Amino acid sequence: MRGARIPDERIPDDMMRPMWSRVLQITTLLAVPASLYMVFVVAPIEEKMGVIQKIFYFHVPSAFMAFLGVGLCAVMSVLYLVTRQRRWDLVAHAAAELGVVFCTIVLITGPIWARPVWGVWWTGEVRLTSTLVLWLIYVGYLLLRQNAENREQAARWAAITGIVGALDMPIIYKSVEWWRGLHPVVLKMSGGGGLDPVMGRAFAACVVTFTLLFLCLLVERVRLGRLEDEVESLEQQAARRPLTAATDAGGGSSR
Amino acid sequence: MSYLGTVLLVAGKDLRTEIRSREQVVSLFVFALLILVVFNFAFDFTIVDFGSLGPGVLWVAFIFSGVLALNHSFRIEREQDRIEGILVAPIDRSAFYLGKVAATMMFMSAVEAVLVPLAAILFNQPLTTRLGALLLVLLLNTLGFAAVGTLFAAVTTQTRRSEVLLPLLLFPAAVPIALAAVRTTSHVLAGRPFQVYANWVWLSGGYDLVFLAAAVLLFDFALQE
Amino acid sequence: MTFAASATPGATPLLTARRLQKRFGASPALDDVDLDLAPGERVLLLGPNGAGKSTLLRTAAGLIRPSAGSLLLFGEDPWRGDRIAIRRRLGLLSHQTFLYDHLTAAENLVFYGRLYGLGTTTAGARRSLDEVGLADRADDPVRTFSRGMQQRAAIARALLHAPDLLLLDEPFSGLDAAGRDTLRRLLRDRFAGARAFLMATHDLESALPLASRVIVLDAGRVTIDRPSAGLDAARLEALIGRHAGAAGAGVAP
């Protein structure tokens, strides 16, 4: 039966895509072009930096999402250690992965922005340096998970790392800030104060859109994680009954 | 056995084992010394001011030999599953953690105590008279490194690639302590008053408190199955 | 098919397992284990490699956390209750010695004694070592000991705090004849009263005479659980063979 879908009745109830998830996806799908429109059509071009300044609309919200990932991972890690329920670990893992993804976006858009504006790729700007350290910590988180012997060990070790990483984050940012000296004026990347109100609205729209995107991806990743768990437990059952499993695989093949 | 008694017992056991076996003493010192020598070749300190690069060089040496100490500390317990003997004992496992932190600190401090004067000789620097401040800075920052390092080492030494994973996890997490250590050491060696680097000292102290507390709570999870 | 174990009626069990499960990944290491251990019982845990004997012992020792079900020690949940009080009454003797190579035998015992809050002195350590025939080597580093001697020192370590429940994982492996006799003697003398032990072993010849009950594990499940009266090694092997595969781990062609 090539090309046949698994009929919905065969999927366990809690794996079905719930209504709110569909709504989230549709909202995100609408929000993205709307924000792009606001960024590239509505918002004016910045005087000093030119078009390249528009990277700011992607760079800063990505940083926010990275922090959201880190914070969510930490909270979920605590919940996992306290309750030992698999679902908290699934969210923690997904949040950490998304944190790394958005961190990567920050680290790529940063130099792309810096190069035309200041002529250097890496400015040693405080926030970028701190974000690099954060990126390293959570890449370490993911690598540690891979090096654990089993799922439960991976979850436990990752929870420890996630909590330590989140606690460390503010200290890292502070220490790098002090190390470099406070806010060299020329390296102001956030474009915070003195923002044109139209730009401000575009920025706010971007933050909302990125958040929706984050949540969308989080939901999908958690769903994927649960499906992976389901596959693993099916494999367990099959391994224990090798002969009966063959006769059970009626599915569609023998029809 | 009281909590503090257990901590001292564990630290004492590590110290006594090291005195007998002398397994890591040599490698820690030699490794740290090697790093100093390499940097002596890498930078021409007659031109470059030692004050600006020296503390960084010193702390690179301390941190790398610290990683060796951490790995060794738990490798002993992993060998022949000795750690299980500790885990079934009627003690608070966080006391075992603090004992390990104390032991690592002792070894790192021993290396520091030898290397700072040695660096002074190697790089032709006058040794500071502000010994009290130097001691405080060394202790405070070594403690922070040992606190986070011991927690991570307990986890990574259970993997096959512990030599890679420990630095991978520890170095980024220890960035604040590394920065604080280098900056404060630099100020102290230059003989500057406390006010100049006071905020860094608070940062180190805060880091130590936060992560000792976190590790005490989290350590049990690192060793369960 | 399990036979009901005959425990002393009315006594608070030292160990109670109910629907105990441990999963490390794919297949379960322990699968629905029910077990009661009363004071005075001397239980052998048998079964092929990978049957879950070590896992059961280590779960009882508090090293492993159950995936499902419960394991109570002295009536309490070691993961929720006063773990320290529980561990004080528990002993573990593994085929690993838990001794520190570079310390002397006496120093090792002093360390463990103090760890258990016994205030052990060097003299006390020497006495314990004397009981296992190592008095003359008390001040030598453990790494100079032969395997048999190390295991004897480990026995002294495990019995130092007079545990009410002793868990043994292949204790006879690597023991020389003197060591086997010493261990048998100590187990006979020390565990005649209200104390109990649970021993996983392949050495039926040494262990069966000491036992009051045998439990056989297969693929994480209990297949046999009966008093040891009337059993000798041969009969036991036959019994195990008859029940092999009864755990449902695959169908024989």
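We call the chains A, B and C, going by the order they appear; numbering starts again at 1 in every chain.
Definition applied: a contact is a pair of C-beta atoms (placed from the backbone, for glycine too) under 8 Å apart; a residue touches a chain by one contact, two chains touch by 3 or more.
Here the structure is a predicted model, which is why all the values come from computation and not from measurement.
A.B. asks: Would you identify the chain whose C-alpha centroid lies closest to the centroid of all protein C-alpha atoms displayed?
C.D. replies: Minimum centroid-to-centroid distance belongs to B.
A.B. asks: Based on the averaged CA atom positions, which chain is farthest from chain C?
C.D. replies: Measuring from the centre of chain C, the most distant chain centre belongs to A.
A.B. asks: Given the two chain pairs B-C and A-C, which is bridged by the higher number of C-beta pairs in contact?
C.D. replies: B-C
A.B. asks: Report the inter-chain centroid distance for chain A and chain B in whole angstrom, where each centroid is the mean of the CA atoms.
C.D. replies: 33
A.B. asks: Between chain B and chain C, what's the gap in Å when you average each chain's C-alpha atoms?
C.D. replies: 39
A.B. asks: Between chain A and chain C, what is the separation of their C-alpha centroids in Å?
C.D. replies: Distance between chain centres, rounded to whole Å: 48 Å.
A.B. asks: If a residue has to touch 2 or more other chains to count, which residues of chain B qualify?
C.D. replies: Those would be 224-225.
A.B. asks: Scan chain C for residues touching two or more other chains and write them down.
C.D. replies: Touching at least two other chains: none.
A.B. asks: Any idea which chain C residues touch chain B in the complex?
C.D. replies: These residues of chain C touch chain B: 58, 61-65, 83-88, 90-92, 94, 96-103, 107, 111-112, 114-117, 141, 157.
A.B. asks: With touch defined as at the start, can you tell me which chain A residues reach chain B in the complex?
C.D. replies: By the definition above, chain A touches chain B via 81, 133-134, 136-137, 140, 143-144, 147-148, 153, 156-157, 159-161, 163-165, 167-168, 171-172, 174-176, 178-179.
A.B. asks: Can you list the chain C residues touching chain A in their complex?
C.D. replies: Its residues touching chain A are 23-28, 67, 248-251.
A.B. asks: Would you tell me which residues of chain B are touching chain A in their complex?
C.D. replies: 148, 151-152, 155-156, 158-161, 165, 168-169, 171-173, 175-176, 179-180, 183, 199-200, 203, 206-207, 210-211, 214, 218, 221-222, 224-225
A.B. asks: For a test of understanding, state which residues of chain A touch chain C in their complex under the given definition.
C.D. replies: Against chain C, chain A makes touches at 149-152, 232, 235-236, 239-244.
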